[in-house]
Every structure is written in structure tokens, then in C-alpha cells.
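Across the two complexes that follow, chain A remains constant while its partner is chain B and subsequently chain C.
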Partner chain A sequence: MRPFFKSKQGSSQQQGKNEQPSEFNMPEIILSKYLDVNVQMIKEMTGDSSDIIIRRLDQALGKPIHVAVIYTDGLADEQIINNSILKSLTQIQADADSSLDPPKQVLGWIKHRFLAIGQVTDIDTMKNLFDAILAGNTVILVDGTAKGISASSAGGEQRGVDEPQSQTVIRGPREGFTENLRVNTSLIRRKIKNPNLWIVDRTIGRVTQTDVAVMYIHGIASDDVVQEILKRLDRIDIDSVLESGYIEEFIQDATFTPFPTLTNSERPDAIAGAILEGKVAILVDGSPFVLIAPITIFKLFQSSEDYYQKFDIATFLRLMRIIAFVFSMLLPSMYIAITTFHQQMLPTTLLISLAAQREGVPFPAFVEALAMEITFEVLREAGVRMPRAIGSAISIVGALVLGQAAVQAGLVSAAMVIIVAFTAIAGFVAPSVSLSNSARLLRFGFMLLAATLGLFGIIAGLMAMLIHLAGLRSFGIPYLIPLAPFSPSDQKDALVRVPWWAMLKRPTLISKKNIKRLKSIQKPSPSKDEQEQEQ
Partner chain B sequence: MQKIDKYELIAMMILFLIGTTPLYELGVGAKQDAWLVVIVAMLAGLLLLLVYLFIQKGNEDRNLFEILNQHLGRILGTIVTVAYIFYFSYESMRNTREFGDIINISFLPKTPLSLLMLIMILLSAYAIFKGTEVFFRVVEFLLPFTIFGYFLIFLMFIVSKNIHLERLQPVLEHGIMPVIREAIPKVISFPFGEVVVFLAFWKHLNNKKNLSKLSIFSYLFVGILLLIFNLLNLTILSPQILSITTLPMLRSVRLIEIADFLERLDPVIILLIYIGIFVKMTAFYLGAVIGLSYLIKISHKKLTIIVGAFIYTISFAAPNFIYHTWIGFTRNLMYDFPVFQIWIPLGLAAVVMMKRLFSRKRKRTRGT
Partner chain C sequence: MLRRLGLMFLLLSVALLTGGCWDSQELNTLSIISATSIDRNNGKWEISFQVVIPQSIATQTGGGSAGSQSPTTIFSTKGRSIAEAMQNASLETSRKLFFAHNSVLILSEEVARQEGVGEILDFFLRPFESRETMSVLLTKGKASNLLEVLIPLEKISGNAIQRIIDLSQKNLSMVQNMRLIDFARMIASPDESAMAPELEVSGDLTKQSSLDALKKTRNEAVIKLGELGIFRKDKLVGWISQKDSSSVAWLSDRVSSMMVVFPCSTKAQKEQLISYRVMKSSTKLEPKVIHGKSIIFAKIQATGAIDEAGCNLDLKQPSVIRELERTISKQIGDDVMTTWSHLQGMNVDLGGFMNAIHRKDPATWRKLMKSKRPIEDISLRVQVKINIEHTNMITKPYSSLLKDQKF
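Now for the complex of A and B:
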């Protein structure tokens, strides 16, 4: 008795397990011959949702044939349906001779003679039917046949292409990605008109069935990297994907690091540039933020504008960004370390004025800095959440109440306010939000180190960070390329940017094959005639 | 297997040899001829480097410990391997203690020495934990900044007008002998002979064709850099002051004063020295870990912890910094280190050469 009971229990558990993932998968139900049965089933399966439109006609093509036109309101383009489908079905009269065996041939007539629509496919199961209508297509079912046809009618309301909000530039294209995957792929395709730009599709999310597209240039991107990315995407088993951030956390190389091993961009030109360097873009339906992999730390300091401006200013700006990053990470901790442990480092006059300011401040420098930094982080977060209309209030509260009043009340020193303000501004210089976020987090760690061990603590922290960075990889590519491992030809586009005519090669360590960018160095020079004229 | 490329090797050799050396005045016993001591020691050290390279060339895919066991037999090989593990640990500990004390004396007098040294050991352990490749990459990244830093200090020395070239005179006051006696074996053993630890790393180089060229190039580069800093200290502080100063570099840097703004640059030099110390202590630490992993087959992580704990423990051996440097300069450099840097490698090279000669002879006799 007992073993039997046990085995039964086990088997029922197993069944339960098997059923769970398929909970949202459409069962393979073949369409019925009777239209009423089909329509009833669709209504049952969608819970009679109001946006699933089922339009029944009792007479089509001038014959007494029962037809149902099914589509999803909002996804399908009503104009296409009215003009090309319903008009054809109701107004056109079928020839007299074609009345012989209506139900079986009607579908063929509709498909081959009467439907003024480009893409038409046959369907025979409920799964196909739902896939079609949920993609915005229109399904036509005819009474008497167990088949149907789906006509492409996707459209509906969509947001147009706007200027990106997060990565604005002075010079460069003004377009940004939207929430629609097809629009996004077309924005990239329009920039790279080459059949070697390949797109691999995946559907991720058991419930949401979100489309994910992987884009790369076959022949430039490293095959290993592409395979690795697809492998990691296939491994994902989650119920929903609402933004590319979901995917990012699943496929990044290291979770416990403040540094991003994938970056994202809203700019089609930045993505196209990355793809042309041999990187791989991952687009997720419903998100204007496209992921790029693999990346290196120096890429995070580059803006797409660097390539549109003159090389000298671009190089200068890149160095400025790196300096600003270091400031936003280290400035408060340096202040703490110097004022607490190493006063001898300051010139005497500066030391005296600092000491005079700090005289009335009741807290140690670390507490002072921590309080100001946390205040700033709160202000910043409030600024994001706050409705636009009260936005100006926050700057008054922040600048006057928390800055000036705090100094006058003797709670913090004026130098501290300057330090925190500059740190905050420097944090906004990084073109990549994920990079400035990592500086934001590390700042607090360094402040703690500086408060306990002074400069030695900061140096030790930097060394630990460097070891961590040297060990980090993004899809097999070392994070500190091209400084470590060093690559002489990649220096042309890392810390500095050389003029375009001298950028002979693509980054060599990312795309190992097909690295040639220019045929030869094409330094512009005045033609010989002009030179002679000048002489 | 972990692979390193040529830039990584160059960076490693340069930063390793720089190490703590600029902090001290090498060959100060020869007074104003200290710079000649550096030249002599550098050339003598070059011969040693050639010996090490000769050993490596004969055994391309083996590291020091594998070579020792291959050529000296199992029992003697194991004994020498253990000796080298202790030597590397001891060298690593010397650097740890040195920098811990420098920080303690000049920067953080109230922080316990044990905490400072613990942090340093933990950082090195972290680098080794991540693997040889990552450690070499870290060093490669540090090289440009370090060279730039030293170059900046050099420029500031010149601009601040503290250099008095007449302090080098008279040259060779007491003949050449004091110079040579200072150079051999003292200055050979520190820093030039310490290259012996590279026998444990060279096998990881991905293209061994350039090994000798790269090693000799980086060696000479550092030799010249050390010579320049030796000269700077001599001309800025004068031999008399140098002979009674523990850390001459810190003292001469304090003399820099430019435009009432650039002064008190000791933190900069401490940072540069820390980079050198980190590289050196980690390299020796790694050498000991590699050696121990040859003897005991347990995981790399466990070995890192064991060796790290050992180095940390022995770093408390000296009661104070003065004793620590005194032991180093009078005992270790004269009697202990030459065993590992000169005598064992020479013996090993002799064995390798003999074996090669014999095998060639055997081949020839078999052939005829």
C-alpha cells in the first residue's frame, strides 16, 4: 500500500512541475470547421477582452457565406482593415461561375483575388491565430473550412522618433530610439545599408513574450562574442521582460562590481558606430535603451559627439571627462584625508583659512562630508521624481537653505559646500550614466577609507579597484583594453582621438578579423597647383 | 595556462626593479662615488641576468622550480625549492615591513603597524588570487603613471635649482677598490640580483623569441633611471648628509619649492614608492606561491592564503625599522641573498651546460 501511495504522489508532483512553465503556452488546438465554434473559442480564451474585435459578416463577395474578421484594436491599423479588407469583402461581387463549391474555395478567392494587402499567410491552429492578431495582423475565418488567413495590418498609434533625453549632443543627429523594436532596427538599418548587418531574433519572457533582437555585422563582429551573447540570452528563463535592464542583469559578466560590463544608448548613431567597431547591439521591444557589448572602460568615457567634432577638442574633452570622473570619485575623500591626517600638505595660507572656517564646525570632516553627500543624493533623487512645476522650488531649497544657511548656521564649512557641489557637477560629465553611478557608489567607500587611514587608505582603495578592473572581462574582452593589455594601434581611439584620416584600423582586440578601416592614411593637403600659385 | 605578452613583461621588469630603490642611496659607502657603484653593480648584474636567461633558454617551458627538480634530482631539488620559497617569502616580507614602517613614521604615526601591513598583504593576496595574468595587467596599467611621476619629480628637481654638481668631486678619491667592494655583492643583491624571481614567470611569456632582448632592454632602462636618481640625491643632499639619512629621497623631495605652491611633495613620492613596493612584494609573494604549488598540490586560493599568512607573521620579526634595515643592509645583502641570486643560479647554469655538452657528445659518438 505504501509504495504505491508514494509513487503516485511523486508522479503527480512531476506532472505539476511539467505543467507550470506551459501555463502560458497556447495549446495546439486546430481550428474547427464551424465558424461559431471558432469564434466562441476565441472569446473564451481571451476572456471576451474588449480590444479583440470580431466582426462577423453574413454575406461576403456577394454570396451567402459567413465570414469573421478578427483583429486587435490598437495594434492593427483600422484604415488598412476598412479600406483593404472589409471593403473588398463587402463591395466586390464574385463572378457567377465561382459559386459552385463556395466554402472550400472562398478562402482561395479571398487570398488570390480580392485581398489588396501585401503579406498574407495561411493559419490552421489557434496558436497561429493568436500570434497573428497579437502582432497586429488581421485574421479572416470562413464558415465551413478549418483554415483561415492572416493579412498583415500592423500599425496603430505609435510614438514618433524624438530627440533622445539622456544623451544629448550639440553636434550630431537629433533622433533617438523609440519603444518599438521594428522602428529601432529600421533606424539602425537606415544608417548601415549593408546585407552583412545581421539580426537574430529571440523571444524572452514566458508571460510577456518580449521580442529581443541581436544586431551585429557579420564579418566584423567576433563570432565568439556573438555566440556567447546568444548563449547567455537563451539561458534566460523569466516570466517578464519590460526593459533592457532585465536582460542586462542576466547576461552581464560580473554582478558584484560597481562598473558596468554592458552599456546602453538611446542614440542610433552611437549604436551604429559601436556595431561598426565589431560590437553587438541587443534591442529589446518596449525600451528605447539599446544594450552594447562587449565594452571597455575607456569606451564609457567616449561620446558619439567625439567623432563629429574636430579631433583636438574631442581629445581634450575625453581627458577632461576622465579627470572629472576621478574628481567625482575622490574629491570628498581627498578633502577628508588632507584635513584630518595630512595638514602639512597644504600651503600655509590655505591651511589657516581652512582651519578658520572649520573652527566653529562641531563635526569631524568625515561626518560633515557624509551628511552633505547624502543631502545631495536626496536632492538629486527628489529632482527626478518631483513634478516639473515645483522643480524650481528644489533649486531654491537646495542652494539657499541647505548650502548657504548650513554654512551660516555653522553646521558645515564653506569649503565643504564647494567640494560637494563640484563633486556633484563632475559626476554629470560622464557620457554614460552607468559610469557616473559607479563613481557615485565608490565615493562613499573612499570617504570611509580616507577617514580611517588617510591617503594610504585612498591609495589602497585605488589599488584594490585597479586589481578588480584588471580582472574584469566583458564577454571575454579584458576591461582595461587598450592600456592593459597594451595595444599600440588601439591607442588612436582610446584616451585620445586621432583625425579620421589616420584611423586605419578598427579596435583590434575586439574584432580580431577584418580590422581595416581605411586603405591608407589620407592626410588632406592642398593640391600642387595651389601650392605653386602661393609661391 | 596563463599568458603574458611582451608589454606586460617589460612593465613588470621595470616596476619590479624600481621597487623601493629610489628611496635609498645605493652604494653610499663609497661617498661621492656612489653613482659609480651603481654603474659597476648594474654591469655586474647584467652578467647575472645573462646567466638567468641562459638557464631559461635551455628550459623554455619550465619555471625555476621545475628546472631545479629536473636538473638537481628529486631530493636536492626539493630542498633548494623549499629554500627558494622561504627566500621569496622573506623578500616579500622585507618590502612589506619597509613600507609599513615608512608610512607609520612619516604619515600615520598613530595607526598600528599591524593594520597597515595587513592591508598591504591583503591587496597583494587579492592580486594573486585573481591570477598571474591579472597581476601582470595591473602592473602594465601602472607603468605609464609611475614613469610619468618620476619624470615629473626629476623635472622639479631641476627647476627648483637644488642640484650642486660640484658635490660629485673628487671622483675616485680612494681609487677603484672601494667602489667595487660596495658594488659586489651589496648593490648587486639589491636591487639587480632580485631579478632571479623572474625565472618563475618567464615561462608564461607568449612569444619567447624576444625574451632576452626585452629583459635586457628593461633592465638597462631601470639601471639608467636608478643612476639618475642616485646622482640627484648625491648632488642635492651631499654624501655627508646622505650617510646619516634613513630615507634620502623623502628628504630631498622636501627641498623642492616652486612658486610657493608646489612644495611638500612627499605624498607624491610615497605614492610612487607604494606602486613599486606593491609590485615587488606581490611578485615575490607570487613566486613563493608558484613554488609551493609545485611542491604541494592544493588549490591556488588556499596556497595564497597560506603564504600570505606566513609572510604577515614573519614581518613582525624585527623589533623596529632601524633594526630591520640594518639586518637587511649588513647581513642579508652581504651573506644571505647572494646564495640565491648568484651561487645557486651559477651552479644551476653549470649543471645545465654540462648536461648539454654531454648529451651533444653522446649524440656525436652515437652518430659516428
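Now for the complex of A and C:
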């Protein structure tokens, strides 16, 4: 945001950047040659935690070699460890002529000859060791060498791929992301089978060491945007990352805005579609919500289903969503403005019926609207938090208390209940929760403006909102693209959606390169042979 | 950043709290006026308002029980000027008078004849909240009486009156809904002539002003449109009959739908009538100067259908249809000429003749305007062309079936 007032102490924010938090930085300890020392050190460093399993073997490969197999219970797949690691170590007899000196070679044997596991890497420091076992891998240490190997054995209990809870569709894939980063990347990879789908990994969170993956298609996504995202990710220095929301707040362009400058999705098909448009996906381990950047405001009105349904209904639904968004943002404030300032705007009969309803209401329209809106927000929050079993009870209480009793008691007018109910329903139309949240917040501001200045206040508020939107950017991309700046070819997939065979280009202002989606317009038509035959 | 935002928020809320709300008014602090009438009483203006009582109109709401209360209430205030009378209203009403939904303005003949409408128009055109679309009406008696009549089917009689005018304008064309702005414009035009429909109560007014009246199937009194009031400058100068007002409609090209009833033939008995419904019409005025005298040629064209035939005529024959067309033309032409002589007598130009002359021949117009009674110097030639497009679902009159039977 551009400074509105002159900054007096601009440099004060930069303090504290040099401070390096050190308590959780793993010291670079090289593994010892002696197995006992290593094992002891591991035990010390983990506080002898019960889930770090250290299995010691005095005899391996039929020879008197001391070996330790280390893994984390629950993260590693016991079956893999039993079948592929312990079995090979204990049951296979090494050739008699194999010399056991030096013991370094043993490690090589194990790695190259006996381990029936795909991904095996060498480790030589304690940091590597912990990274491996905490990721669910199994580490094998051999007495007499200062090295070890890590075998991939990640497994354990995971939630399976399930239908997404927050974004449901009628037509479209039913799978949703899970909490596992690898499963999530694979879900996307399965949709885009192309080596140009690149994944860049980052580990963020000093304590949690959370894996973050940045996915994009090399050659479609703008390099500037990718570099900018990586730069912003590298700048994050936080102890923990438990959900993609942590990352979102660090890398978004503007904090003090009701509008989201990057959105999220639980649906692999939506993410794949975004990646194919030249956008960048940010996946965070432990969260099924994948971030997409950069975005424009029109993207927030689009659902992945728009592309699966016929273009005409998709266009209609897009327009309906925009109308519903405007309603959910402005309806209560319009009601307040018109009934308290501009009664002349209403048809006479409507005015009289509204006046009759308001006759017994003790509060001004603004207070009435505010009370009802707050009541609804409370009900909504209660509906999200409360245990499922009580859900029906709350909805009955909410509907009866608000809908009927309040009107009959003369506390609120029936029209206000209709307004609030419709506003609430309209708020749920937005395909992106972050967008409906922005309408939710703005609603109260507009209500205040309407109560003080009437329609003039609403228009002034809308102007301010428009100016703000025009100034917003998402990773360097203007937020109102393709309307401002105007891009004729991008109109095909903004407010309307044209049929797929006519959508020749990707959004040009986001990807800037490799924008061709179709070679030519491929309008379906009867083939020429058939036409001739008919004649 | 936060400090700046906080400061902005503070400034904004101060601005909103100090400047805001100054003209906000809750719906339950308004008395919604649906009709206004203006009378003169002892040299003072007497204004009466018909105020809607919302509770009694809207059904099934928290407040008031509908049906037991009169839908409107009327109160009158007096003052030396209209504005003063209006202000005096606050002496007796608990709510602010709200004029934006006032649909009818009724003036008594006394006011229109003696005081003129200049002051009234000024008062109603000035405030931002008053509507220019309210209908201006005249009445011969006391104007406030009209507000008291309850109209069955309608709860708000002010709106009902406006709908009566709208409907009769659409179906009969002889009455024109005079909106305040049109009325003001006509009066201020160089023609200096204007008109406004008259509203009258027929029947026993006192019985129809109680809610009990609505319990009966036949009304004790009804409101209906009557004659047409003619204004010269801002004063009422006379009345013309409904028949004349249809002729005025023909002359001023306002006929959209009209019923013309005429005898089957010149020789036929009076009771044998045919009804012709005009569906489309146009009137063109062509001013000409012949031998130094201004003549208006009015070409009236109309298309319509036979809606009722009470005599035995073979409507299948084109010659019969032609004959009927000629009869209708003659009747309309005669009616128009009669009306014209009435208008000349009152020296009013309701057909917009001066305007037509002004457009065609400004020199003649200037010469005419020098005269005190320019309308008398203009003569009118009417040419009517009537077209019977169809005779609806049957061609032969039903009576023809009866005549041929021999028992």
C-alpha cells in the first residue's frame, strides 16, 4: 500500500531482522565411527522418546557386524521395514568370500546388494539422520563407519483421498487433497503428465520443518512470478507452519484489504486448471488447502465446474455469482438507505407494507439490521463449531427464534428477516470462501455508511472499494485484469465463458508466454463427406 | 501503517458521525400522504391530506388488526399561504408529512377560478420531495370531500383515483391524465390554455365515508370523472362536456382507444346503433393561409373494428362497410366542428393550433398573437378517414338471423 501519511519512522520496522533465532538450529554434528556413540547421541537428542525405535543387530548378513536400524514409530511403514530391511539384514547370508574389511564396504553391500527398497541415500551428519527418520525413512548405521544410509519407508496412518468438504461440485472429479504433501503432488501430477510440471521444494518452520512445494509448468508460468513467490517464501522465518494459511499471510501482497490476493482450493482439478493457466500452486504439508497465485478478482467468481458444464449455463452461473456477491455485500445497506433516506424510491404499496411492518419495531432500521446480521453471524459460527449431533437443534432454534418469534414479538420487521436471510444465502454462492468472507466484512462497513449517508454513502463506499481494487496487485498482476487493464482476448473467460473450442489463448496477462491453447477454432460441424452423401 | 489506518478510521468516523444522519427518517415517523386537496375558506388556504394508515392496509403484521380501522385518515389545516397551512399541520399530526407518494392533487372550482393555480404550482414544484407526476384534478364542490369517499377494492383512494384516470385515458381517450408537470407546462405555454379533468362524487357522500359502507355490495356514493375544466392562463374559465373532450382528443392526436356509437343509417331508428372501437388513430394539423385567413386542415385517420351491431346489415359487403365508414367519418367531423365552436367561444386553444401555425408560418403566428382573441380568427376544416379493419369474430349481425325466420 502506498503511504498515505508521511512516514516519520520508516526504518523502525527493519529492526530485529539480524536477530537469528538459534535454539532449534540443529548443530552440524558428524556421525561417529562407533555405533554406540551414535546411538547414545540419538537417544540424548530425542530425550529417549518412545517413538524413536532403535533396533540393534549383533549379526547381519550372517556375519558378526553390529548394525542399528533406526526409524520413527508411526511415521515409517513397519511392513516395509520388516520385509525389506530387517529380513534382508538377518536372513540373507553374505558370500563367504566377501571380506568384511573395511566395514565401510558393508554399507555399500547393504545399499547395493541387499536392500529391496527404491530410494536409498547416504547420510553423514546428525542433521541428515534426523531429517530422514522424522520424514518416516529408516536409517541403517553400521559399526565402524562414520556413515549411514537412509531407506525410504515412509508410511503410517494417513487419511485417504476423499471428496472435498469445502468445495463440492455436481459434475467433476470427486477427489480432494489430503494432508500428505506427496499424495497431493501426485494428484496434480496425475492430471498433468508432463515433465515441464516442475516442483520446487522449500522447508519452512524452524521447529516444525514443514515441507512446502511450489508447483508450476515451466514454460507457461511467468518466471518473474515464480521467482517472486520463491523469494517471498525464502523470506519467511517462523517457528511453525501448520496450515497453508500461515504461508498465505506471509506472502500476500496486501494485508489490510478485505479481498484475498491469493486463493486456495481443495480440488486437484481446480489446481491443475490454474497451473495450466500459468498460475503457481503452493502446497503445504499437513494441509489439504493448496494456495494459488497470482489471482484476479474474476478468478474468485469462477468454479472449476464452470469448465465442465456447458458454456451457456456456466456463463449464466458466473453472472449469478457476481449478482449474489453484490447482494450479499449491499442488500442490508440498500434496505437501510432506502427505508431511512429515500422512501420516495419505493413503489407506494411496497412503502406502505414496509411501513406497516416497521410500525411496532422499537429500533431504527440500522440497529435492527445490525442486530440481525450479528445474530446470523453468531448462528453461522455456532453451526461451524458445534458438534455435528447438535446441528439440527441449532438450526431449528435459529429458524424459529429468528424467523418467527422475533417478528411476532415485534422486535424486528418481517422484511428485515427476509433481507438478512437472503443476504446470508447469497453469501454462500461465492465459490471461494475467502471472497464470501470479504463480502461479509464489507457488509458491515456499507451498513454504517448507509445509516449515516444513505445511498450517497453506499456509492461513496463503492467508489472507495473500486479505487482500492484497482490499486491491488497479486504478485505483480493487477487485480482487475482483464477489465482494467483491458484485454480483449481474456474476456472470453472472465465474466462469461465461451465454448472450449473458441478459447484460443490462456490468460495473456498472467502467463505472457506460450499463450496458445488451441491451434485454431475447432467448432464442431458435420464432416464434409456426410454432407455430400446427404445431397 | 497501523497508526495511519487508525487515524484514517478515526477521521472517517468523525466525519460520518458529525455529518451523517441529518436527513434520515424512519418509516414509522412518516405519515404517507396519498392525496391532497386545496380549498379556499374565509380568505385562507385550506389544505386537506389523505394520510395512509399502514397497519390497517397491510395484513398479517405484528401491529394493528387489519380491517377494523379505516385505511386512511384525513385532516385539514389552514393558513394564509399554502406553505403556512402545511407547517400548521405539525400542530395536529404526530408524524412528518411525506409528500413523495402523493398521487393526486384535487383543486376546488373556487380555487381554480378565483385564486388561480400559479401559487399552488409554485408550491408543489419547489420541494425536492414532491412528485411532478401527481395528477391534477378539479372538482365543483369542496375538494376535501373527495378524499373522504372510500372506494371498494382499493385501500388507498388517492392511488385509486389516479388509476381511474389512467384507465379511462387508455380506454376512452377523452380524459387525459394531467400530471403536475404537464399541467404546469401547458399553463406556461404561449397558448395559455390548459385543461384538467373534473372529479365528482355521485351519491350520498356521508354514507360512503364510513368503513361500514364497504360492507354493502352497492355503494352509496362513487367517485367518477366528469367534465373537462378549461384554463386560460392560470385561471379556470369554463367546463366542456365529455363529448367535447373526446373531440379535443381527436384534435390533439391523443386518441388511442375510443368507442364511437352511431346509428346504422341516417334513415334508421335511433335505437338501432352500431359501436365502432378505434384501435389506432392519428391526426395531422396543416395550417394554411388562404385569402389572408388562417385555416387549419385537420386530417384525422383512424382504424378500428365493429364491436356491436344492433341492426340488420350485411357486413360482408364491402359497400356496406364503406357506407358505415362514411357515416362514422361524418359523425366525428361534425362533433369536432361543434367542439371547435365551443372552444372558440372560450378563446382557448386546446388542439395546439397556435403551436402548429408557429412551426409552419411564424409570421402569421406573430400577426395572430397581436389579436386579443386569436382563436376566433382561425377556421378549421376537418377531414376524417375511417377504416373498419374487421368486424370481430362474426360478420353478420346476430339480429339478421332472427329476421329471416318464418314461423
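Here is the rule we use: the second predicted complex is superposed on the first by the 501 of 535 C-alpha atoms of A that agree within 3 Å, B and C clash if a C-alpha of one lies under 4 Å from a C-alpha of the other, contacts with A are read in each partner's own complex, and residues count from 1 in each chain.
The rule is short, and it goes like this: a contact is a pair of C-beta atoms (placed from the backbone, for glycine too) under 8 Å apart; a residue touches a chain by one contact, two chains touch by 3 or more.
On a predicted model such as this, the values are computed, not experimentally measured, just so you know.
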item	value
Residues of chain A touched, compared between chain B and chain C (which is higher)	C
Partner chain in contact with A:Gln344 - chain B first, chain C second, else both or neither	both
Partner chain in contact with A:Thr121 - chain B first, chain C second, else both or neither	neither
Touched partner set for A:Asn196, first chain B, second chain C, both or neither	neither
Which of chain B and chain C A:Ser392 touches, first, second, both or neither	neither
Chain B versus chain C as contact partner of A:Ile352, first or second or both or neither	second
Partner chain(s) touched by A:Val407 [first = chain B, second = chain C, both, neither]	second
Which superposed partner A:Leu453 touches (first chain B, second chain C, both, neither)	both
Contacts of A:Gln491 with chain B and chain C, given as first, second, both or neither	neither
Chain B/chain C common contact set on chain A	341, 344, 453-454
Residue numbers on chain A that touch chain B, as the complex places them	341-342, 344-345, 347, 453-456, 459-460, 463-464, 466-467, 470-471, 478, 480, 483-486
Residue numbers on chain A that touch chain C, as the complex places them	1, 3-5, 256, 339-341, 343-344, 348-349, 351-361, 364-365, 407-410, 413-414, 448-449, 451-454, 457
In the complex, chain B residues that touch chain A	5, 7-8, 103, 107-108, 111, 116, 119-120, 123, 126-127, 130-131, 134-135, 137-138, 140-142, 144, 260-261, 263-264, 267, 270-271, 274, 278
Of chain C, residues touching chain A in the complex	1, 4-5, 7-8, 16-17, 19-21, 23-28, 30, 32, 34, 52, 54-55, 57-58, 61-64, 98, 100-101, 103, 129, 131, 156, 159
